[in-house]
Structure formats: structure tokens, C-alpha cells
Amino acid sequence: MAQMTFLQAINQTLDQQMEKDASVVVFGEDAGFEGGVFRVTAGLQKKYGEDRVFDTPIAEAAIIGSAVGMAINGLKPVAEIQFSGFMFPGYNQIAMHLARFRNRSRGKYNLPVVIRMPMGGGVRALEHHSESLETLFAHIPGLKLVVPSTPYDAKGLLTAAIKDPDPVIFFEPKKIYRAGKQEVPEEEYTVEIGKAKIVQKGDDLTIVSWGAVLRDLQKALANYKTDKSIELIDLRTIAPMDSAAVIDSVKKTGRLLVISEQVQSFNVASELMARVNEEAFEYLEAPPQRLNGFDITVPLPKGEHHHAIDEKKMHHAITKILGYKI
Amino acid sequence: MAQMTFLQAINQTLDQQMEKDASVVVFGEDAGFEGGVFRVTAGLQKKYGEDRVFDTPIAEAAIIGSAVGMAINGLKPVAEIQFSGFMFPGYNQIAMHLARFRNRSRGKYNLPVVIRMPMGGGVRALEHHSESLETLFAHIPGLKLVVPSTPYDAKGLLTAAIKDPDPVIFFEPKKIYRAGKQEVPEEEYTVEIGKAKIVQKGDDLTIVSWGAVLRDLQKALANYKTDKSIELIDLRTIAPMDSAAVIDSVKKTGRLLVISEQVQSFNVASELMARVNEEAFEYLEAPPQRLNGFDITVPLPKGEHHHAIDEKKMHHAITKILGYKI
Amino acid sequence: MSIVDRFDPLKKKMFQVLDQEGNIVSKDDVPEIDDKTLLEMYRVMQLARIADIKALQYQRQGRMLTFAPVQGQEAAQIGPMAALKKTDWLSPAFREMAAFLYHGVTLEQTYLYWYGNEFGSRFDDGVHVLPVNVPIGSQISHAAGLAYAAKIQKKDQVALTYIGDGGTSHGEFHEGMNFAAVYNAPMITIVQNNQYAISTPRHKQTKSETIAQKAIAYGIPGVQVDGNDVLAMYAVVKEARERAIKGEGPTLIEAYTYRLGPHTTSDDPTIYRKDEEVEEWKKKDPIIRFRNYLINKKLWTDKKEEKLVQELTDLVGETFKKVEQSQAPTVDEVFDYTYETLPPYLAKQKEAYKAFLKESEEN
Amino acid sequence: MSIVDRFDPLKKKMFQVLDQEGNIVSKDDVPEIDDKTLLEMYRVMQLARIADIKALQYQRQGRMLTFAPVQGQEAAQIGPMAALKKTDWLSPAFREMAAFLYHGVTLEQTYLYWYGNEFGSRFDDGVHVLPVNVPIGSQISHAAGLAYAAKIQKKDQVALTYIGDGGTSHGEFHEGMNFAAVYNAPMITIVQNNQYAISTPRHKQTKSETIAQKAIAYGIPGVQVDGNDVLAMYAVVKEARERAIKGEGPTLIEAYTYRLGPHTTSDDPTIYRKDEEVEEWKKKDPIIRFRNYLINKKLWTDKKEEKLVQELTDLVGETFKKVEQSQAPTVDEVFDYTYETLPPYLAKQKEAYKAFLKESEEN
């Protein structure tokens, strides 16, 4: 066991999997020689050589498209998109090929591909560097999408992603890359993709969140005075979503609040609210609520606080849903 | 007034707007000389010349990107994407530029751009020719998205779209291009973007749909025997969505069913269900329901019927929600 | 001197081995191909032609779906595939039925695909052909990835990919080409320049005088070849394969050819091209040219021809019958290939649908 | 003979007017520029340089956000912009502060942008500059569209666009270039080949020997120019503009240059490049070279230099103060620019947020 940041946990996992499995290759813009703009892949090229760890031209479509080809021809590509906001030029390859090859070939070609992308806001960055694009992956059949919120889960989910026969989009909330350390086992382990985690048990309200926001939420909850007990769920996997865990919880608490950095319309909260409606309607003691960004372009840093989810907003939303009476 | 198909109504609208406004230009793959693979733009190049109506190279990013530039420099581009499934290579331009230029330039640059795309299934086509991608546009702040279901609305909405200062994605349900004629006025008129239409009044159930499915739904309703009265809403605009109209209706009926060709997760139904939860929860007499495709890749023609929404499925869903008792 | 060194695309010189009548124009360039292979090449060219003509007929009768005919482009496909090893990869566009058939895809599979069934894209084990690729240009980087994997795994293997003249305008073409070139990945790209992209003529697609010269942007060899000359296509790919295997990277081959049929069965080419033009190109028919060559070489006779055509016609007819009798996709098939394991929410959708179907049947 | 005809990119000949010391190497190529303009060019080069150095300092003090320095590339930006008319369009990438300043964007605006405020992208009326463009390559087709519109509206106007060496790998570069070329749109593309894309060196980006030769793929002229030579950059753009206006289409100009600073303020270039290399390039500083030329031409003196530097330093300091005192975006500003008219559901979000803020304040 060692104390590790989120970023170190990912780096160590890549190292471990490359060591164990010669078919794992790591690449992306600046991901080779310098180890990526965040240094997530630092040291890997030196250790495993330029064939297995390499810089690519600036060409997101080719990064994803070549990963498709590599996977078909015996490799396990772990590709990096420098920021999730730059995945758009590669979205054609993701949605039309990566997600579909298995179905298109009636199971002949599985694509064990992992696409890593730093995501989310809170780092005072330029335009296109702060997006939360969960919906664009979770809406596409055939993709998996995970978002760890702790170093432990980062390692476990990334290990699972690399071993997964299906393509996995691996979101890395960049705000927490270096925010705090946690004990992470040296040896290999997996965290199951598709399973949410109950972070805190409770009976009166279910709050669902994930990624960096979940971390802030934990602090906010610690500072929130109430005699009600709150169940906190870290969704961890956005697709395939563990809505069953959320629904079970809501059946118990009767109240659901989903908190994220996404824009509002068509976000994970809407889908969860829909599923809860479909399967736990009779249990609802209050209308499910969502707290998220607005339906606007993420503002540049001087205005980003408007869009961001801070403790005040969280407390406000919690008070509101707890206070709801039919 | 003349009897027109959906396709003719669009062609006539383009013709009319090009005639009235010299800044309107029409282009796309094969959209010039032959008038598009569906012949929607037939005759325009001959009438308005190659400068204003032209074929483009096969390059969706450049089609959208150049439309951005043209709009900034005084034109009103009406670009065609041959099938909505081929918009993906241009999605970067749509989501990162077309949708954002106004916000990015703090109002200096409006982009009066219309992107037309044939969409939806039911025409026994190849892969990528049957998608319903509403979510991918409606989730992006700054875009408008309309889907007419009648020749009359096609003309009115397209006219409104061309006159709109903001970018509009204009979906054309290809299944109904030539399905039936309707009286369409010769003179210019607009149908307001952002306003749903109550097709049929009712008190016991609100059904929301749009596009080609709405047409099938009308037939299905005619064949459905019930003593309950059903309110049918043609959403028409997906973004900005007229959720107020739906919510008002649900406040009256207490029941909501949303029917579409989309895949299920993160679709328009989820967002509508979320909004209804937020604003009309106390009025609900049954959990809002959705009938749509499954979370799978649209099957090739021999399997497409599984995914498609037929009358049987519609009747089944209606019976189910009408029969629900709390 | 290598073909690519002799045929600088900027000089607009096109590589040819056989002239329009099937006579040898350049003796030294005739590739060494054994008789058995020559005859197999001819057989598959004819098979593709007949299957193509029949598919169009079936389609007109409403018995087959949309279909992208290959007529006129058989040489541009059979020459290259014959120059490959069976373990080399083919990453196709959508008009490569002839290449498919030569490289191990069965006629039944190709027909099943155009019949609208995903099982038509599940090729047999050991067949190194990717499914039909509809989004223009996106197949290039698949090939780049296949080739890169071959290279670092030190396989004796290349990836050959096809694209149309129109496809070269796409960003995906550019990215895939550049990507493969940077890593010297063993890739071969063949642009079938059939003069049109649906209705859009070649000169509206790009201002470059040849497609081959686009290779210069990637620092790789490019060459324009008579795409109706099966021996020229064979020779140039053979050479490109050797370069690729030696670690010298990709080659861009422009196969100058013509689509004799419509773009697809939904297309009416008379709108955008003249009959005379089509007639001109019919004279350059790659099959006739190759047959003349074989006849000159005493490998072929009219009698053999008659027999082959009959045999292939029967085969095509029987195959189509089988395809028509094939089962429509089941509910399980429609759901179960989305992921390796069906996730719970999707399993629920499937079960609900099955229950609905059962209920409907019962009513 | 035109510059592009004399400097075939395949021969790797680079166009130059001034040598490293600012001496004229090719008399006939010295462009005609009046003294006032020459001095204005020099002034803005210095302004950009000083603003750049200061921005880096402010950023290190935590007073400014990420910023993409332009140091070393001033000539590649000022030469071209001086060769344009004010009504010509600039469609930039993100490292064109010098070009911005010359073409009418105020220093306050550029600073405000890098300070993290959208109003830094709202340029004054009549300033034909698009906002900073972050997604690599996507600005090219904006320029193609601007140029196309200029052409069919018969304006005396071109669109000039910038991209980096790394950007040329992108599909968006390819599509935009090809698009403009097909229509002979009056576009000029300048690739600032500063040898790196973040940490990735030029030779890992593409296998082509020059960037200029990529023009051949589009059937347009391409030329490699000494990007640290402001007169050469001026001359080549002047010529390209004439071609463009005559309806002869786009030109691809490779400005061979070097980024002296980090990629952005979050970048540590010592990881991927050697000090010696940087020192070599410092000797080629475009500002020193141009100053020597002006001194030789008796247009400049050390005294003038001292005065200018002081003046600009003050200006930059004062401007930054203003920017630091600027108002943070209001709630209305954050919402109201999404659409021309705020749609009901978004208005609701805004009102709810305002109510929340009011409530929070009250508590």
C-alpha cells in the first residue's frame, strides 16, 4: 500500500498493466516523450519504448480510429484525448465505430479500447477545457463510461477498463488530479464497471453524484446540519448506469437529488429521474431534483463560479428537497 | 394554395427565400447540380446560379465551418448534411463553434445558419442512414432544433429558421418526404420556433411526439378504441423546447407518454419527464412513460422492425398508461 | 527503378501494363503471376460482375435493398487483392465487393449484408476483412491502426484500404494517411478514382490535378495507375507491399477508373453524366481487357468463358435463394451484440419487449 | 517571376529578404513599404513582445490565467497583417497576439481575454478579426467561408488564417484547405511552423519534408518563408493577396520560425527541448533583425528605441491595471448571449439562480 494522488494511481495502473500485458499500448498528443500535458503517462515511454508509448499527430479522429484498428489486430490501446473538449473531432470514430464494431460484426470484433480524457471544470482554464460531456457518451449504445472520484477507484476502474472486452471512456476529473492522497494497494485489483458505490448510508434522501463534484459534496455534507439522514451514492459508472442501485435507494428514502457539473438539459439527472419515475414512482415523497450547471456554454474563468456547483448551492438544494411536503 | 408534399414544401421555401433574400446560399454534398440525393434542392442551382447553390466536397466539418465563416461575412447559409448520421465529422464545428460564436463574441457575431438533415428510420436503408439524433443537438446550449411533421409546418418552420438570427438544425424525417400532400400557402409565412402544437385536445392523457412518428401515431390513435380522451402534442421544436406546453397539458391530464424513434437513454422523453417532475409533480396520476427505440444501434433493415415504433407498440403503451392506478 | 520512382504524379504519367485491348505495353512491368492465380483472378472478376448485375436485378424487383455496384472497377480491386497475402488486412469503403470475394468473404455473406442483415458482416475466422464501412474516410485510420499493430508485433502483414475520389476530401482521409506515414506503418491506400462521388465530378472535389499527388503532403510515394488494368494494379501493390514490409511506410495509389453503374440502386446517373462518356468507358472494361490478355496467353477460350459464366450465374442464383430464405434477426440478436455482456438496464428492455411480443401474439 | 514560382517547396528553398543580421539578401524582393508603415510594424512587434513578457510575469504572480506566448513569432504575424487591408479578415488560431494588435484589436481586449473574460473577444465594430480559436484546425474552414462570401459578394477582401505546424495534421486543416481551393476562394493560410506542437517536434507530426509542400495536395501554390523575416512575410502575403483577389485561389505559406517561450504558461519546455537550440534561435530574433534593417535604413536609433520601449512598457502596465479592475461577468451576461432571445426554460434557470443569490446574500 502506498499513499497516492488520483494522478499517481492512474500512472501506476498504466505501468502495471503495461508490464503484465504486452499488448497494452499508450498514446495520445504529447502522451509519449513528455508524458502528457498533465504528466499522467510520465515515465512510461522510457520504460516501455516508443513502439508502445508514443506521441501522436494532432488528430483526434485518427487517434480513435487507429485504436479501433489496433484493437482488431491484437493490441489493447489506451488512448489519451488531451481534454474531453477536444474529443469532438474524434466523435465520429467513437460513436460510429468504436461503439458499433461489435454489433456491426455480430460479435466477431470486440474492441478492448480505453479512451482516457481529463474532464470537468474548476481549473480556471480556457474555453473547451472545462466541459462535462457525459451525455454524449452515455447516449450512445455500445460505449461504457466511467468517472472515478478517488485514487482507489481510479486504479480499480482503470484496471477493469483495460481488461474489459468493450470500449470504455475513462473520464479523469482534472480538478482532483492532485487533490489529496489515499492508500492504494500496489497489487492489481479491479472495481467493477457498472456498479455504483454507496458512500454514506441514509434513510431520508438519496443524493447521487460522481467525480470531482462528489468530493466537494462530501465536504458540503459534513458542513450541513440536519437531523435527517442522507444516503450518498457515487455513480462511478455512467454507462452502463447502475440505476438499480439508485432506484433501490430511492425506494427507501423517497427523495432523489442528482448533483453534477453538466449543463442541465439531457443530463444524467434527467435520465435518472426518468428511470426512477418508471420504476419507483409510488415511492416518491418529493419530486426528484437536480442541481447542475445551466444550459449555457461553460463561462471563462472570471464567470465560471456562476456555473460551478459550490457548497452554498448544494446546501440550498438539499434544504429544498428535504423540506418538500406533498 | 397548392397541394404539396413535405419535400416540395421545403423546396418551395428555399426557392422563395432565395428569391427574396440574395444573401441566402444553399450547399451540400450533391446539393447543387443534381439537387441533392433526395432532390430537395432540385432546380435551385439552375435558377440562382452556381455561386449561390453549389456542390461541396465530401467534408462535413468544412460544410459547417465554412457556413460559420459565410454567416459572419454577410450570408445566410442553408447547408445540407446528406444524412444526419453523417453529421458526426461536422459535430465539432456544430457544438464548438456554430453553437458558441454568439456567446464567445459576447453578441458580436450572430450566426443565422440553417443546417438541414434528413433524419430517422423507416426507409430500409444502410447503416448510419436511420438515426434519430435529437439529443446530440438539444443537449448543446446555443443551438435550436426543429422537426416538422407536416408540409405546412415544414414551410413555416424553415422560413422561420432562415430568418432566425441563431443557428437552427432543421431535421427532415425522410420517411415522410413524399408521404401525402397538404395545402400549403404560396406566400411566405412562419411557424414560431419554440412553440409546440396541440394536434388534438384531450383530458385524460398527454401524448407528445414529433416528426414521422407523430404521423403514424395519429393513425394509431384513430384506430384506438377508448372512452378516454387523449391530448396529442406535436413538439415540433426540440430546442428550445416548449416544455411549458407539455407541462400545462399534464397539469390537466395527469398522465404523460412520450413517443419517439430515439434510443431510450438520455432522449427527449427523459428530459421531458424530468421537467414534468420538476414542475408538475403534484399533478401526476401515473408515472410519465416513454415509448421509443431500445438502447441499441438501429438494426439493418431486416431487423429494423424490432426497433421501430409501430401501431401495436403504441396501443400497448397507451393502454398501459391509461390503466395505471396509484 | 521502382514504379513509384518512374511515375511522378506531378508529371501526370499513369502506370499501365496492358493497353485497352489487353496487349502488353510495357514488357518489363508484367508481373510474375502463376497461371492458376491469373485464372482465379479472372474467375473472381467475373463472379463479382455477375453478382453485381444480378443484385441490381433483384433490387429492381424489390427483393434486395440498396446496393453499391462495383461494375467497371473490378481490376482496381482484384489486382491489389491478388498481390496481398491472405493474412494481410483489407479495410474497405463500401464498393469493394470484388475485393471481398477475392480475399475470402463468401458471396452469401456479401449478399446477406446488402440484404440488410448484420450477419453479412461476420466473416469467417481467418478472413482478414473488415465490414463494409459507410462513413466516408473513416476506414483509413482503421487501416493505419491495423498496420501499426502489425508493425510493432513484427508480423509479416500489411493493411490495404480503399477510398473513393470523393473520400479524399474528407478530414478522416488526411488524418489516417498522415498518421500511418509518421510511423511508417505498413499501409497501402488505394483511391478508386471513378470520376464521381455520387453526382459530384472529380474536378469539383479537389483542385489537385491528380489524386496521386496528394501523397506529397504525407511525404510518401504516390502513383497514378490505370485502374482498369488488373496487371498494373497488381504490380504496383506488390511493390508497395514490399516497401511497407521493409518499414518504408505507406503508399498512395490512385486507380484511375470508372463506375459503369449507378452510385447505388437509389441513384439515377443520367442526371449528371452523359451516355457518351459511359460508352467511352465501356470500351475500357477491365474484364474484357484481362480476358484478351488471357486469350493471347492461351490461358483462356470462348468455350471456357461460356462454361464459367454459366457456372457463376448458377452459383449467384442459388446463393441469392439461400439469402432470401435466411432468418430475420431475432430479438436476442438485436440486443446481444451491443456489449459482451448485456447490462441490466438493457436486459430489462429486452425482457419487456419479449413480454410485449408474447402478449401481442396471444391477442 | 512570382515568389511561389521561384520557391518550389519540393526543392526545400526558403524565401528570405533579410538575413539574420538584417542585411538585404535579395534586393529585388524588398517590398515597397512606406516609412510610416515600417515604423508602425516595428512598434507593434515591440508592443507584442513587451505585452507578452509582461503577461508571463503577471501569470507567474497569479494575476493572469493561462496564456499562449508569441515571442519569436512576431515577424510571421506582423509582416502578413501589414500586407492586408483593414477590411480583410483574420481567422486566427490562439497564438496571434501580434497579429491581433496590428489588425485593430486593442491590447486591453487581448489582455481581457487571457484574463478569462468573454468580453475580451468582442472586438470593436469594423475590426475584422475573429476571436481566439482553441480547437485546432477548425479556424481554416471559417476562413474558407469568409473568403467564399467575399468572393460571391464581389468584395475586395481576403481571409487570412493562421495555424501551427501541429495543426496541419488535423482533418479540419485538410477540409478547409481543400474547400477553399475548389472554389478559388480568396484565402491565405499561414502555417507558423515553430518546430513544436506543445512537446511534439515537427518531425513527429508529419513525414513531409516541408509543410509548404502540402499545398500540392490542394493544387494551390505553397511556399516556405523565413518566418523571422518580416519583409519576406510581407512580400509573400502581398503577392498571395493579389492572386486571391484575381480569383486564383488560396496560397499556403509556411512561416519557418520558432517559439522562444513555453507553449503556454502551464508548459515547461525544458522537458522536451535543449537550451542550445533555444539559444540558436534567439540569434534569429525577428525584432532584432528588423531593427537592424531600420537602423541601416536610418529610420531608427537607439534613442528612439529607448523611448519606444518605455512608452510601451507604461502602456502595458496601465492596460493591465485596467483589466485587473474590470468587472467580473454578471449573471445576465452569463446567460444572455446564448441566444438572441432568452428562451423560456433558460430564463427560468436565470431567475431561479438570481433568487438563490439574493437569498444567499440575505442569509
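A, B, C and D label the chains in the order they appear, each numbered from 1.
The rule is simple: a residue touches a chain if its C-beta (ideal position, glycine included) is under 8 Å from a C-beta of that chain, and two chains touch if they have at least 3 such contacts.
Note that the structure is predicted; figures quoted are calculated from it, not measured.
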| item | value |
| --- | --- |
| Between B-C and B-D, the pair with more C-beta contacts | B-D |
| Longest centre-to-centre distance from chain A, chain (CA-based) | C |
| Rounded Å distance between chain A and chain B, as computed from the means of their C-alpha atoms | 31 |
| Distance from the mean Cα position of chain D to that of chain B, given in whole angstrom | 40 |
| Separation of mean Cα positions, chain D and chain A [Å, integer] | 36 |
| Touching two or more other chains - residues of chain C | 118, 135, 169-172, 175, 178-179, 182, 204-206, 333, 338, 345-346 |
| Overlap residues in chain B, where contacts from two or more other chains coincide | 57, 59, 61-62, 85, 88-89, 92, 96, 103-104, 127-128, 141-142, 241, 265, 294-297 |
| Touching residues (chain side chain D, partner chain B) in the complex | 89, 91, 118-119, 121-123, 130-131, 135, 138, 140-153, 159, 171-172, 175-176, 178-179, 182-183, 333, 336-340, 343-346 |
| For the chain C and chain B complex, residues of the former touching the latter | 65-66, 94, 115-118, 132, 134-137, 166-167, 169-172, 197-200, 204-206, 266-267, 271-272, 328-329, 331, 333-335, 338, 345-346, 349-350, 353, 356, 359-360 |
| Sites on chain B touched by chain A in the complex | 61, 85, 88-89, 91-92, 95-96, 99-100, 103-104, 127-128, 135-136, 138-139, 141-142, 239, 241, 263, 265-271, 273-274, 277-278, 281-282, 284, 286-290, 294-297, 326 |
| Contact set on chain A toward chain C in their complex | 25, 51-52, 54, 56-57, 59, 61-62, 64-75, 77, 89, 92-93, 96-97, 101-110, 141-142, 144, 164-166, 194, 240-244, 275 |
| Residue numbers on chain D that touch chain C, as the complex places them | 10, 169-175, 178-179, 181-182, 184, 204-209, 213-214, 216-220, 249 |
